[in-house]
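Have a look at the structure that comes next, please.
Think of it as A, B and C in the order they're written, each chain with its own count starting at 1.
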Amino acid sequence: MASVRLENLRKEFGTVVAVKELNLHFPDGKFAAILGPSGCGKTTTMNMIAGLETPTRGSIYFDDRRMNDVPPGKRDVGFVFQNYAIFTHMTIAENIGFGLKIRGVDETTIRREVGKIAELLELTDMLNVNAGRLSVNDMQKVALGRSMIVKPRIFLLDEPFSNLDAAFRAFMRGELKRIQREIGQTMIYVTHDQVEAMSMADLIAVMDFGVLQQFGSPDEIYNQPVNTFVANFIGSPNMNFVACSFRSEDGKGYLVQKRGSARIAIDERRRQLLEHHSGNQDLIWGIRPEHMTLHAEPISSDCIQAVVRFLEPLGPKTVVHLRLGEEHIKVIAPPSYREAAGVVQWIQINPQYLHVFDAKTGVVIR
Amino acid sequence: MGGNVAVPVIQDERIGETGRVRRRRFLDMSDVRIFSTSLTAPAQFVLLFIIMFPLLAEVYISLTSWTPTRGGDWTQAYRFWDWGRNYVEVFRDIAFWQALGRTFLIAGVAVALEFLLGLGIAFLFLEEFPGKRIFYTLMLVPMMIVPAVAGYVFWLFFQSNGPLNAIISLLIGQPFTLTWLANDVTAMIAVIVAEVWEWTPLMFLIMLSGLVGLPEDQMRAATMLGATAWQKFRYLVLPILKPIIIIAVVIRGMEAVKIFDMVYLMTQGGPAQATETISIYMYKVAFQQVRWSFAAAAAMTILVIMTIIASYALRPLQTPQREIG
Amino acid sequence: MQKTPTWQRVVRYALVIIVVGMFTFPTYWMVTMAFKPKVEWSTAHGTIYWVPKNPTLENFDTVLTEYRGQFFRANQSSALPSIRSSIIVSIGGTLFALLIGTLAAYGLSRFSVDTGDLPWYVALGRLALLILVLLPFMVLWAWLGIIRYWYGILTFTILGIAADQLIGRLLGRIYRGPTGSLAFSILQLRMFPPMAIVIPVMIMWSAFKLIDTWYGLVAVYGVVTFPFVVWLMKSFFDEIPRELDEAAIVDGASNWGAFLKVVLPLAKGGLASTALFVFILNWSDFLIALLLTTRDWPTIPVFLNSLVSSEIGAQHGPKAALGLLAVIPPVVFGILIQRYLVRGLTFGAIKR
């Protein structure tokens, strides 16, 4: 077990900068996710931690030991590849036992250890099956087991669930979490699926274009996004963004929609903050669809008016698409919601969840 | 088009083979059947005409003691009918068995060396280096050189005043004048060197394509588990390449057994019989000793032996492992 | 990936240069020899010439130009006839092999059902039975004296096919195991040393006066190389989805129409590569031409082998010059079809 610390880590491929001055600290025993869209540098970061790629600059520390010059096989890192990289010419038992075999461990010990792992992963009945014809679900388990058997200090998983079918993915999320608790090792995994990151990780690092955007607990990431990228990337359906400018009337602050007439009153703290913000004519307010409610009549003076475009019933909830001025927004409504297109609705915003961003930089103002 | 579309799929019949097992009515002349038969018919006719007919003639002659120098036309060979005496003689002929053994020795040593060299050189070509394209093409050239020309070039190469001795002289600093092709053992070495030179490039090509096609993630997974280069080779590369290696070795072995051109041009099978392969042996019997009927019997014996070996050796080629490569 | 240390890369580069140098040296020696004047041919004068000191085209002149009174071989005083012979015979043999091989390949690709491998004792047993049945007829034909003529051969061949079919049927009654495939028997054919086949072919050819003719050689080349065509073209046809033929047939094309107008045009790249490949094989042959030609149609390798002049002794320079000329077409074609060399030489077993 070990913590992982990255200091000013940078990786260039020719002229392309894949990872830019990355500083991260994954504490010991935590389950951490690196989240981002494809091409954001998350896999490169993972490969650098594993030692499969050499950083252009910067350092990697496990606990307090600098690992840059330690070859991958000596870093004591378990790596589960995106396509699992199962040794197709071996049986499941041989796959799982491979790490011990190359360490020269004797046959009986290998068999005993493989048996333990197989039990943990519920693979006991399949040990002698040829790994060449496994389902992806089983490959996933074998890949995990193969890394686990050598008891690495750190576990790295590259998009561990992206190839699984939906049902098994949900199941494995729970399983992986359970396994992580049981073995208590530091686990870092890469994913582009925010649901996966939110549901499993203790800590999430969101990356885009090789730059770390935000690092924090799922709760922080969800409720206090630092910029529009993070706010947009987390949550499904994603956050509504409306371009607006700040206006101050009679000592009260308002956000006035640019491409429409919606006007939102803001509290005193925010007003003061925005009053002194130099770009306060060029702002974006954002709010998640689940933080608004729809009403037939204005239930308060804060309500804004919108017109229903169409409904997207999802079973437990219905996503209502509305037109707000010239912009489109989404609101989560109860499944019983059945208004037709064209109907005027009043939206009540929960101001607690309102985020205001600088439109130029995308950075949150709070 | 009615309901009678001739879709060319046939499940329960064997088509296109000269009289193999067939379960069908005697005259089942559907469109597809006529079509498929007419596709393979020319090949079968030619095979029968140019292989079957001479083969029969060979058997016919092998059962007589006819030679071109006696008794005129081959068709008249029945006048010299003497049953299986030639076959008995073939079995008694030590030179025949020695030639056979020598052929397998040359083929075995040459193919083993080709495989090891081919694999080794393929490893050298795995990573990028300046001028790789040119080196790669140069490496392929030997296998495209006409074997007879290669034989001549290697004859030059192994002359006592040839370039090889000159190079050795340079290296050891004193004149070196071994007559390679006049000594039993060195002549054998020379023949094997020529064969290895000509065909290592093929092995190299096959092994390189195999190595390039290795599943990269599996190799990385092994790296992460701490496998050394040797362990990766032993537990991953070799088992994964095994089907390709078997195919390559079988095919090269099969071709190496036929070796004639280079030996003929370099040593003519000599000194004495030191490099006499089975092809050279038959050539000598037929054209220098003019013992046609004996040569025919020897050829038939070879055919039988080769058929038996082929049916076992070629088995790996039949199993559907073709996707690997 | 992790960077390879510099010293490793240097060592590898050095190794590459040494190995490639070793494999290139014999070719280099031949090429330079072709341009060396006579004094530089050997070390007889005490020095060895690593590079030609006074490069000359004299050797090419010697092999390519006819000089009165200087005979290399029989009635030929230049290599030109052998070059012509090589070109005609190789192209002819290639076309012949392509014609019968492509048809058979398509048949095998689309209609063949492989039923596993044929045990050798069944294959040999069948052959033995066939020989047993046909041999008396051959003797009879010979005794009648008609086997020397085309109608004798034709009747005998028809008899042979009939006997072959009959034995196949009979065997099918007794033996119900795997029966192999035509594709496989063709492959097995490649296993025989050509010497074992060529001796009787030579007898037959001399009976038909086909020895030392271009068409006699073309026929043998065609038969010897058509297994390669079958296996190569089969691998190319297998890559073309069967649904295409079916679509063409559903659209109203005949079986032949689907083959000639849909499948063959799609496989033309493969066909061209196969043609070049087979051309290289034919061009490279020595043994068959050695046995089946004498005066008029020796190919380059045969001519090369006999290139000794009574007047000037061993002809290293001219030989190397001719060797260089002989090597150029296969090397050029070989580099052109690099991608298919492995596939060709492994009978389509390894596709790369």
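In this section, contacts are C-beta pairs under 8 Å (C-beta built on N, C-alpha and C of every residue); 3 or more make two chains touch, one makes a residue touch a chain.
Only a predicted model underlies this, so the values are computations on that prediction, with no experimental measurement involved.
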Two chains sharing the most C-beta contacts: B-C
Chain located farthest away, centre of subunit C as origin (C-alpha): A
Rounded Å distance between subunit A and subunit B, as computed from the means of their C-alpha atoms: 59
Subunit A and subunit C, separation of their C-alpha mean positions in angstrom: 62
Rounded Å distance between subunit B and subunit C, as computed from the means of their C-alpha atoms: 13
Set of subunit A residues in contact with two or more other chains: 52, 72
Complex contact set, residues of subunit A against subunit B: 50, 52, 72-74, 77-79, 81-90, 98-99, 101-103, 143, 146-147, 150
Complex interface listing, subunit B residues touching subunit A: 215, 217-218, 220-228, 231, 235-236, 239-240
Residue ranges of subunit B in contact with subunit C within the complex: 1, 5-11, 13-23, 31-32, 35-36, 38-40, 42-61, 73-78, 121, 124-125, 127, 129, 135, 137-150, 152-154, 156-157, 159, 161-163, 166, 197, 200-202, 205-206, 209, 213, 244, 247-248, 251, 254, 257-258, 260-261, 264-265, 278-279, 282-283, 286-287, 292, 295-296, 299-300, 302-304, 306-315, 317-318, 322, 324-325
